[in-house]
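The same chain A turns up in both complexes below, where it pairs with chain B and then with chain C.
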Partner chain A sequence: MKSAVVVFPASNCDRDAAVALEHLTGEKPHMAWHADTDLPDVDLIVLPGGFAYGDYLRCGAMAAQSRIMRDVKKKADQGVTVLGICNGFQVLTETGLLPGALMRNAQLKFVCKPVGLEVEETQSVFTRKYDKGQKLSFPVAHGDGNYFADDETLDRLEGEGRVVFRYAQGENPNGSARNIAGILSEKRNVLGLMPHPERVCDPMLGGTDGVGLFQSLIEALS
Partner chain B sequence: MTDITPQTVREHGLSVEEYGRIKQLLNRDPNLVELGVFSVMWSEHCSYKSTRAHLRRLPTKAPWVLQGPGENAGVIDIGDGDVAVFKMESHNHPSFIEPYQGAATGVGGIMRDVFTMGARPVAMMNALRFGAPDHPKTRHLVSGVVSGIGGYGNCMGVPTVGGEVNFHRSYNGNILVNAMCVGLARGDKIFKSAAEGAGNPVVYIGSKTGRDGIHGATMASAEFNEDSEEKRPTVQVGDPFTEKLLLEACLELMATDAIIAIQDMGAAGLTSSSAEMGSKGGSGIELDLDRVPQREENMTAYDMMLSESQERMLAVLKPGREGEAERIFKKWQLDFAVIGRTTDSGRLIVKHKGAVVADMPVHALSEEAPVYNRPFERRTPASGSPPYDRARPVMDSLVRLMASPDIASRRWVWEQYDNTVMADTVQRPGGDAAVVRVHNTDKALAITTDVTPRYCKADPFEGAKQAVAEAWRNLTAVGATPLAVTDNLNFGNPEKPEIMGEIASAVDGIAEACRALDFPVVSGNCSLYNETNGEAILPTPAIGAVGLLKNVNRMATIAFKRENDAILLIGDTKGHLGQSIYLREIEGKEEGAAPPVDLSAERKNGDFVRSLIEAGKVDTVHDLSDGGLIVALAEMALPTRIGAKIALPATGDAIAFLYGEDQARYLVAAADAERILADAKAAGVSAVLLGRTGGDKIAVEGAGEIAIAALARAHEGWFPSYMGGTELSPSN
Partner chain C sequence: MKARVFVTLKNGVLDPQGKAIGNALHGLGFGQVGAVRQGKVIDIELEERDHAKAQASLKDMCEKLLANTVIEKYEIELKS
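Then we have the complex of A and B:
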């Protein structure tokens, strides 16, 4: 599986994503600079966590306008798999590749802790190696992860099996609508999620629950 | 140019004698720009004029120390060509005036100190002291400082992995925000600040210069009074986004060989960076301020030389390499300008609008700063063991202590810090020391910050020894070999002999402990004048320390891991209750002698515990500190909810045994008690079997029991309910 990680100014989980990808695929991902016009041909594009452009306007809003995103959007429309983690999820909603928005956390504070998740949907290239209903623990680390969309959109996401991860009962760290932690695009090739799977791919770091996500991708895309 | 009047001199915080010395060094009267430059360079904050004579007594050398005090940060060898670069620094005064920006820029400043040396920051810690919880400002300050630290560190993508938070009324008007940054580099790629050679380009990189922070260093060198909040305009505003770009751009430039010297612009900005680089390199520097990237219009030379705008660096490049450097900084969308050159004149010459506006000998600014041997009086240490109610129920007190402000869980704080970014955090906040793996290796750094200010108040010498010993013990407790220290000396007004006495005794205590434990001081910072309306803070010599785990798989944590493990107490217990948390919280007494620190026992017991961890015989260890044995036992039970049952010794008082704060002690849990007892006997270390893990209670035979669930509620509840605004009864 060939992959690329997009680096925006002040991305800060780009290395973490690259380490997890290299560790699990045996191949270094291409690191794509935000000012580049084109991505190479890859099977997976990762938009990593961080504070792209300082998150000074709205999280992800300026990154969504960066030059590289035109190509990411084009490739996503052509069916290339795109994974947006944390700030990457925010960039995806700002780009319109995913519906809804990520608002300030309900408690108005940054939150970093492991949270319980449930895998709700295994019919995707991101989650086929998990079991439906499987309980996972991924860390979150964000100030703006409160997923919001209108009821009609939420109903549609649920009806089409596009809610992939939900926060477990009582574990919603940010007030997200219907405990949503991660969603798919209509064509199911784009996933955005707030928790960090790349930080739980190494037993020394407190868990390996994130490995399943990358192995799903390797199986589906290699 | 304005004429300098005695009032101008006074307003710049300079004494009549100091002004006379400046005239002598210049052979003439200074102009206003020069006076401003001298005033910040000779401020307590920049010159250490009150402490320098004492700091010379600190041990700073060891075979593994590659850079001691005097550079932006200390550097130690951690094997295989890798080095750790670290320093702790205060941002106390600004954080009291504007807590969010004060704390945020404190984080930014210490990170720059580390990456200016060529290291990538990999971990942040911070030691925070606030006023009494019931003081009307405390909540606001806690909230602002914590979100400021998080706001900056989280954006930088450097994990904040731990630290300390304490409350005491002596900090009501002067909170302490001490931030520590640890970075990693290769030993052959360390950058220093000596601007050697003439004719080399001096380049300005980073953010534009504005009028923010003018005279910040001078503010940090005076006592506070009711008007201090009017000083808000002197607090700088942080921009972590720019700092992140600056970090990446600097590391990219450092991968080339274009740099001769580099220095961040911290306190006193362009003035101190240029003067220090010139002075260390034995060269002169000529600056043309018209070329300085400016954020505001009509800035004067005075403004630009004294601005403390953040996220700026000054570098001296090899001639001809400007283009290469500029390309890197443009790529990262940062300002880059050649603003001057090095000379062989030994003078700092500043030009603005075609005229020379300052011309001063470089060495006069940094090397000729006054050094004061201020008069000092060493206080007689507090003594005695205060009486206490021996009939008080032991377990009721435990619940109260677990919910007391200095012991309650700090989860509310650390969950606002990204502590797992960079995917190398092996031990998160909540243990004895944070552990961060050296990327791509099986090595790890252990990091801690420690000081017990109430001990230092009672006895500055023993208290400072204790701060070093506890830091050493916390590193040992995770299995690390302690390597070196950074110290952050926070005290009151050094012009008062009793405060100067505290400083002198604390330096002696640190020196003695560091010598005995082979634990040299490689960097540090002093923050004086922490007084409001004449009331000084508790003496607070905070110790930041770094140790090395050669094999991260041989590591201990505080959590009980199995039922029916033996629980052993390592080290002697005499039941020292003087200055204990128990006396303060339960009996309402801040009295008695601070616990004495036997450094040879520290060494022997610590080396023994570390050997057990390294040999894989033990994976569960907790150092004993605030609250003594029973609080430590509760803290070991809480993470996994595995309880414990222990017995009391045949003789002696239960309260003193359980709550005494005797030093040089650890609790360890392991399956095989006999082997450890035998090893201890062979090593000449005192070790006793206290009991076993198991169940869902903490039970002490003859003294009662308490459910872990009740302890958890007490321990986890205090901080959120306090910050949520629940009314508190006065304490502390």
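Then we have the complex of A and C:
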């Protein structure tokens, strides 16, 4: 599986993503700078966590306008698989590749801790190796992860099986609508989630619950 | 021409920052304070003399970047 990680100014999980990808796929991902115009032909594009462009104006707003995102958008429209983690999820909503928006956490505090998640949807290239209802623990680290969309959009996401991860009962760290932690695009090739699967891919770093996501992608895209 | 753009959360969108400001004002003894909503003010200088053209390009700027219209609304004030 060939992959690329987009690096924006102030991305800070790009290397975490690269280490997890290299470790699990055996191939070094291509690191694409935000000012590049084109990505190479890859099976997976990762938008990593961080604070792209200092979160100026709104989280992800500037990054969504960067040159590389034009190619990401084009490739996503052509069906290439795109994974946005944390800040990457914010960039995806600002780009319009995913519906809704990520607002300031309801309690106004930055949260940095492991949270319990449930896998709600396994019919996706991102989650086919998990079991429906499987409980996972992924770390979160964000100040703006409060997922918002109007009721009609939320109903549609649920009705179409596009809510992939939900925070477990009592674990919602940010006030997200309907405990939503991660969602798919209409064509199911784009996933955005606030928790960090790439940080739980090695027992030395506290867990391996994230491995299933990357193994799902390897199985589906190799 | 100068413009001032106000970006605020749409009605019905929860504003935790506004709520925290309201609570702080209550804490300071301003008991008359009701709901508080906060937003952004963006001042823009424009190389444009035509009022209608300026208005149209500012609207475009708001839709493309200045506001996230999923959660925010905007108002444009033009001063020549």
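Throughout what follows, the second predicted complex is superposed on the first by the 222 of 222 C-alpha atoms of A that agree within 3 Å, B and C clash if a C-alpha of one lies under 4 Å from a C-alpha of the other, contacts with A are read in each partner's own complex, and residues count from 1 in each chain.
By our rule, a residue touches a chain if its C-beta (ideal position, glycine included) is under 8 Å from a C-beta of that chain, and two chains touch if they have at least 3 such contacts.
Fair warning: this is a prediction, and the values are worked out from it, not measured in the lab.
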{"item": "Touching partner for A:L57 - first (chain B), second (chain C), both, neither", "value": "second"}
{"item": "First (chain B), second (chain C), both or neither touched by A:F110", "value": "first"}
{"item": "First (chain B), second (chain C), both or neither touched by A:C13", "value": "first"}
{"item": "First, second, both or neither for A:Q65, with chain B first and chain C second", "value": "second"}
{"item": "First (chain B), second (chain C), both or neither touched by A:L205", "value": "first"}
{"item": "List of chain B residues in touch with chain A within their complex", "value": "147, 150-151, 154-157, 239-242, 244-245, 332-333, 414-426, 428, 437, 552-553"}
{"item": "Residues of chain A touching chain C in the complex", "value": "57-58, 61, 65, 93-94, 99-101, 103-108, 146, 148-149, 175"}
{"item": "Partner chain B, residues of chain A touching it in the complex", "value": "9-10, 12-13, 15-16, 19-20, 49-51, 53-56, 109-113, 139, 141, 143, 196, 198-199, 201-202, 204-206"}
{"item": "Residues on chain C engaged by chain A in the complex (per definition of touch)", "value": "13-14, 16-17, 20, 64-66, 68, 70-71"}
